[in-house]
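Next, two complexes with chain A in common: one pairs it with chain B, the other with chain C.
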Partner chain A sequence: MLIIKDLHAGIEGKRILKGFYLTVNAGEVHAIMGPNGSGKSTLSKVLAGDSHYEVTKGEVMFQGKNLLELEPEDRALAGIFMAFQYPVEIPGVNNASFLRMAYNAKRKYLGKQEADPLEFNDLLKEKLKLVNMSDDFLNRSLNQGFSGGEKKRNEIFQMAVLDPTLAILDETDSGLDIDALREVARGVNALRRPDNAIILITHYQRLLDYVKPDFVHILSDGRIIRSGDKELALLLEEKGYDFMEASLK
Partner chain B sequence: MSQTQTEIYKNAFSRAPVSNEAESLTWLRDIRQKAYRRFQTLGFPTRRMEGWRYIDLELIVGASFVPDGQRSVDAASLKRFERFFFCRLEQNRIAFVNGVYAKELSSGVGLPDGVILENLAAAVCSRRELLEPYLAAHIEKESNAFHLINTFSFRDGVFLYVPENVSITVPIHILFGAAAKEDRPIVFYPRILVVAEKGSSAKIVVDHVAGADDNFFSNFVLESHLGAGASVQYSQVQRYGQKAVQMVSNRFGLREKSALRVMSFKRGGRVTRDEAQVDFIGENASAFLKGLSVLSGESEVYQHAVVNHHVPSCVSRQFYKNILAEKSKSEFNSLVFVEKGAFKSDSEQLNKNLLLSDEARSYSRPQLRIHADDVSCTHGATVGQLRGDELFYLRSRGFSKKMAEFMLTYGFAKEVIQEVEPENVRVELEAWASEELKRVMKL
Partner chain C sequence: MSVKTIQEFASKEYAYGFQTPIEADVIARGLTEDTVRQISKRKNEADFMLKFRLKAFRHWQKMKEPEWANVEHAPIDYQDIIYYSAPKQAPKKLNSLDEVDPELRKTFEKLGIPLMEQKKLAGVAVDAIFDSVSVATSYKQKLREAGVIFCSFSEAVAEHPELVKKYMGSVVPYTDNFFATLNSAVFSDGSFVYIPKNTLCPMELSTYFRINTEGSGQFERTLIICEDNSTVSYLEGCTAPKFDSNQLHAAVVELVALDNAEIKYSTVQNWYAGDPKTGKGGIYNFVTKRGKCLGKKSKISWTQVETGSAITWKYPSCILVGDDSVGEFYSVALTSHFQQADTGTKMIHIGKNTKSTILSKGISAGQANNNYRGAVEIKKSAAGSRNFTQCDSLLIGSRCAANTFPYIDVQNASSQVEHEASTSKVSDDQLFYFQQRGISAEDAMGAIINGFCKDVFRELPGEFAVEATQLLGLKLEGSVG
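Entry: the complex of A and B
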C-alpha cells in the first residue's frame, strides 16, 4: 500500500529525515517510535503534504501513485488521513457541515452520489459514540474552544467518518489522560480492517497497550535504526532511547 | 489635492439654500438655516482633520454630482429593485429610488395601533408636534459637514414613531435604491428619523442598494432616539457597485435602560464613510455596534464610531470586521469617551481585518478618552492574512486550496453575521456573504 524509499526531507534548510525506508501493507498497524527531534512529525507532515517541508530525495508510492506529486487535498481524497498532533481551531466553520462537505468531496472523487443528509446524520451519531462525544460537538465551530483531549477525540471522530485507507496518527496519545487514551484507542481499533492500514507515531509505549501494532520501528536522527514486533516497544520502554541508540553504535 | 475641485464644491454652497417649502414649515426652515450657518462656520473638511485623514475627498468633490430633479419614479427603475427585497421577510417596506418616495415599492402588513411609518416629506407637513423635538435637535453642536449638508438639503426619507410600550414584531424594511447613469452622476440626501418611546421595541432593516455601474452620491443621515427601556435593532446593509459614494451619519441618543443594536454590512461603493455616534443620556443603557465589510476592486470604507458615556453604568461594544480583496481599503477609527462622573462605564472596541491581497490596506485606530474612575474599557485591533496552518488543516481533509480559503474567510465573516436577528434576515445575509465572497475570491 505504502512504499517509502530513501526519503530525505527537512524544513527551513535543516535536514531531518535522512534516508527513511518503510513498507506498509494492507491490514497492518505500524508504530513508529522515537525521541524528540528524531523526525517523527516531519514524516507525518511530509506524507500529508505540508508545503513547509521540503523533500530533497527519495520516493513515496501510495497504491501505485507518486504521493509526493499530489497536493494535500488529493492525498486526502486518495485515502490518506493524518490526525494532527496539534489540531487547528477554525472559527465560524461548523463541525457537522465541515464533515458533511469533506465526506461528500470524497464521495464525489470516488464517483459516488452525495450522501443522503439523514443517513449521514445517523453515521455521525454512530461515530460520535465510538469516541464518547456528545451531540453538541456537531454544532460547535471546528475545534474552537475544545480542550486538548476533545481536539484529539475530534481527530479520531473525523477519521472514523472519513474512513481512510491509510491513517497516520501523529502523537495522538500525547497529552491525553488514561480515559481519553482508552477512548481514542477504541476509535482506532474500530477502524482496523484487512483493507486499510495505520501508522501510529508516538513517543511513548503506553498507546501500544491498547492498540496492538504488528510492527514497531525505532526512529533516530532521521532514519529507522531498528524494527521488530511489540516486544521491541517494551524493550524500549525498559531501556530508554539512549540505550537503544548506543547499543547500535 | 487639487484646490479647485474643492472650491467648486464649496461654491455650490456659497449661498444659503433656497427653501421651496410651504409657509407653514418655518420651523423646518429655521432648522435648515441653523444647519447652514453651522456649516459655514465649520467649513468643508480637509485631510488635516483627524477624522478625514485617510479619505480622498477629491473622489467626492471631484465628480460633478447634480441633484436629481426627478419627483417621481418610473416603472422601469422600480422593476430592478425587486431583486433586492428580503424575500423571506413579510415585512413592512418603505422604499425610495434616488431619494424619491416610491409608493409602488412600499408595502405593509399592518402595524400596531399608534405606530407611524411614513415618508418624511409627508410627516414634516402633518406631524410637526412629533418631529420638532427630535429632528436635528442637536444641529448646533453637529461637527460632520455632510450631516449639516444633508440637514439643509434633504427632501424626503422616513419617519418612524413607536409609541410607549408598543412592540413592532415584524421587521420594518427601509429600502433606498439608486439608479444613475455613469455620465450623469447624481446626488441625493436620504434621511431617517426614528423615535422609539419608553418601553417600545422595533427591528429595522435599512437597505442601500444599487446596480454595478450606478454612479451617485448618497449623503445619508439616521437619527434615532431611544426612550427609557426602549429596544431598537438595526441591520444596515449597503449593496453597491464600484462607483457609488456614500456618506453615512448615524446619531443615536439613548435614555436609561434602553438597548441599541446595530449590525452593519457593506459591499462595494467607491468611497463610503460611515460615522456612528452614540450618546448615553440615561444610565444602564447599552449599545452594541457591529459591522462587516466585504470589499474588492477599489472600494474604500471608512468606519468611524464615537461612543459618549455621559452618564454612569452604560455598556458599549464595537466589533467591526473587514475582508479586503484586490486594492480595497478600510479604516476603523473609533473613540470611546467617558465623561467625568460616568463611573462603571463598560466598553470594548475591537477591529479585525483579513487581507486577501497584498495590495489591500487597512488602518485601525481604536481610541479611549477616560475622565472617570472605576471603568472597564478595552480596545484591540488585528490585521492579518489567512493562516497557512489553517489552510493545510482543511486541505488535508480533502478541500481544495480555493475552497479552504473560502471556508476560512466565510468563517471570519460568520462571527458577525451569526448574531443578526431576526433569523430570516440572518439567513439572507449568510447567503449574501457566501455569494459575495465567492465572487470576490473568484470561486
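Entry: the complex of A and C
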C-alpha cells in the first residue's frame, strides 16, 4: 500500500529524515517509536503534505501513486488521514459542517452524489458513540475550547467518519489520561480492517498495550535503526532509547 | 498551504468591470454655480430644489475636505469630475419596462439585476440607476396598490414635493459634512420610498447603482419615510466598470421611521476596487447614511456587506429620538489588495430606554487597511438606554492591517454600554488542517470567512445572504497572504 524509499526531508534548512525506508501493506498496523527530534512528526507531516517541510530526496508511493506530487487535499482524497498531534482551533466552523464538507469532498472525488443530510447526521451520531462523546460535540466550533483529550478524540472521530485507507496517528496518545487513552484505542481498534492500514507514531509503549501493532520500528536521527514486533517495544521500554542507539554502535 | 496560495485568494478578477457603449448626455467637467444650475435645469426641477442646491453649493465652497479618516489618497480635483452623465435616449417617462433602452436592459441583466418583473428576483422591486439618472423602476403598479410610493428621486420631487420638502435634509442637513454638502448641491437622482401608515411593504425594495461613464462621479440621494406601524426592507447594490482613474461616489441616504415603524436597510457594495496589482483606479465611496428613529418604538437596522471600492468612508448611523426606539448596525467590511476602509457607525441615544446594537466584522487581506470607527453617544435625556458593541477583525496574511477606533460618551448614570473586540488571523495551519481532510484551500477559506461573518449574514434578506457569501468567496479568491 505504502512504499517509502530513501526519504530525506527537513524544515527551514535543517535535515531531519536521512534515508527513511518503510513498507506498509493492507491490514497492518505499524508503530514508529523514537526519542524527541528523531523525525517522527516530520514523517507524518511529509506524508500529509505540509508545505513547511521540504523533501530533498527519495520516493513515496501510495497505492501506485507518487504521493509527493500530490497536493495535500488530493492525498487526503486518495485515502490518507493524519490525526494531528496538535489539532488547530477553527472558530466559527462547527464540527458537523466541517465533517460534512470533508465527507462530501471525498464523495465528489469518488464521483458520488453529496450525502443526504439526514443520513449523514445518523452516521455522525453512530460514530460519536465510538469515542464516547455526546451529540453537542457536533455543534461546537471545530476544536475551539476543546480540552486536550477532546481534541484527540475528535481526531479519532473524524477518522471514523472519513474511513481512510491509511491512517497516520501522530502522537495521538500524548497528553491523554488512562481513560481517554483507552477510549482512543478502542476507537482505533474498531477501525482496523484487512483493507486498511495504520501508522502509529508514539513516544511511549503504553498505547501499544491497547492497540497491538504488527510491526514496531525504532527511529533515531532520521532513520529506522531497528524493526521488530511487539516485543521490541517492551524491550525499548525496559532499556530506553539510549541503550538501543548505543547497542548499534 | 503557503503564503503564495494565501496571496492568490484575494486577487480574483472583477466580474463587473465592463463598460456599456451608450451615448450619454454629459455636462462638461468642473463645478461652478452654473454647473449646479445646469443640473437643476436638465431635470426640470421646481424652484425649491434649485434653492436647496445653491444654498448647499455656497456652503460647500467654504468647507474643507475632512482629513481625520485613516486612509490615504492623492488630493481629489473637484474641477476634474463630470457631475452629470445620463444615457441620451432615456425617455422622460416610461409607460412600461419594455421601453427601457435594450442596451441598458442588457447591462442590468449582465449584472444579474433583471428589470423585467417576471424574471428571477420576483418579489423584489428594483429601481435601476445608471450614472446620474434612474432608468427604470419595476413593480411600481403593484406597490401603488398597497399605497407604497417607490420611484426615482426626480419623480418624487415632481410628484410629491410636499414629502420631499418636509423630509429632505431633515436627517442629513445640507451643512452636515463636506461630501454630504457636495451631494446636496449636485445630486442627480436616487430612490424615494414612502410607506403610508399601517402598511407592511408587500415586497423587498431595491436600488441598483451602476456608474458607467469614465470620469463621472455619482451623487445620488435616497430618502425613505416609514409612517406609523409600517415596515419596509430595502436593499442596494452597486458596481462600476474598471477605469484607471479614481471615481467619486458621494451619496446621501436619509431614513425616517415614525411611531412603531421599522426600516431595514441592507447594502451589498461591490464597486470596482482598483487594479489588484498596482492599486490604480477604483471608486472612492464617501457616503453619508443616517436614519432617524423619530417615533416611539421605531427601529432602524443597517446591514452592510462592503467588498468593493478603493476607499470606503461611511458610517451608517441612527439617531434614536423616540422613546424605546432601536438602532442596529451589522457590518462585514472586506478589504484586500490596496483597498482601504474607514467605516463604522454612530448611535446617538436621545429618547428614553433606547437600545442599539453594533456588530462589526472587518476582514483584511493583501496589503489592505481596514478601520472600524464607531461612536456611541448617550445623551442626558436617554435614561435607561443600552448599547452593545462587538468589533471583530480577521487578518489574512501578514501585510494587512486592522484598527478599531471606538468613541463612547455616556451622559447619564442609568444607561449601560458594552464593548467587545477581538482580532484573529487565518493561519497556514488552519488551512492545512482542512486540506488534510480533503477540502481545498479555497473552500477552507470560504468556510472560515463564513463562520466569521455568519452573525451579520443572518441579518441579510434571504437570497442576498447567499449572494454575499459567494461575493466574499470571489473577492478573496487568489488573495491570501
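Operating definition for what follows: the second predicted complex is superposed on the first by the 249 of 249 C-alpha atoms of A that agree within 3 Å, B and C clash if a C-alpha of one lies under 4 Å from a C-alpha of the other, contacts with A are read in each partner's own complex, and residues count from 1 in each chain.
Convention: a residue touches a chain if its C-beta (ideal position, glycine included) is under 8 Å from a C-beta of that chain, and two chains touch if they have at least 3 such contacts.
Keep in mind the model is a prediction, meaning the values are calculated, not measured.
Asker: Should chain B and chain C be called a clash or a fit once both complexes are overlaid on chain A?
Answerer: On the superposed model, which is not a single observed complex, chain B and chain C clash.
Asker: Looking at the overlay, does A:Ala246 come into contact with chain B only (first), chain C only (second), both, or neither?
Answerer: neither
Asker: With both complexes superposed on chain A, which partner does A:Ala190 reach: first (chain B), second (chain C), both or neither?
Answerer: neither
Asker: With the two complexes superposed on chain A, say which partner A:Pro87 touches: chain B (first), chain C (second), both, or neither.
Answerer: both
Asker: Considering only touches as defined above, state whether A:Met101 meets chain B (first), chain C (second), both or neither.
Answerer: It touches chain B and chain C both.
Asker: What is the contact status of A:Leu77 with respect to chain B (first) and chain C (second): first, second, both, or neither?
Answerer: It touches chain B and chain C both.
Asker: Which residues of chain A are in contact with chain B in one complex and with chain C in the other?
Answerer: Chain A residues touching both partners: 48-52, 71-73, 75-77, 81-82, 84, 87-88, 90-93, 98, 101-102, 105-106, 109, 141, 158, 162.
Asker: Mind pulling up the chain C residues that touch chain A in the complex?
Answerer: So the residues of chain C touching chain A come out as 1-2, 424, 427-430, 432-441, 443, 447-448, 450-452, 454.
Asker: Over in the complex, which chain A residues touch chain C? Could you list them?
Answerer: 48-52, 71-73, 75-77, 81-82, 84, 87-88, 90-94, 97-98, 101-102, 105-106, 109, 141, 158, 162
Asker: Which part of chain A faces chain B closely enough to touch in the complex?
Answerer: Contacts found on chain A: 48-52, 71-73, 75-77, 81-82, 84, 87-88, 90-93, 98, 101-102, 105-106, 109, 141, 158, 162.
Asker: Using the touch definition up top, name the residues of chain B that touch chain A in the complex.
Answerer: For this pair, the touching residues of chain B are 388-390, 392-401, 404, 407-408, 410-415, 418.
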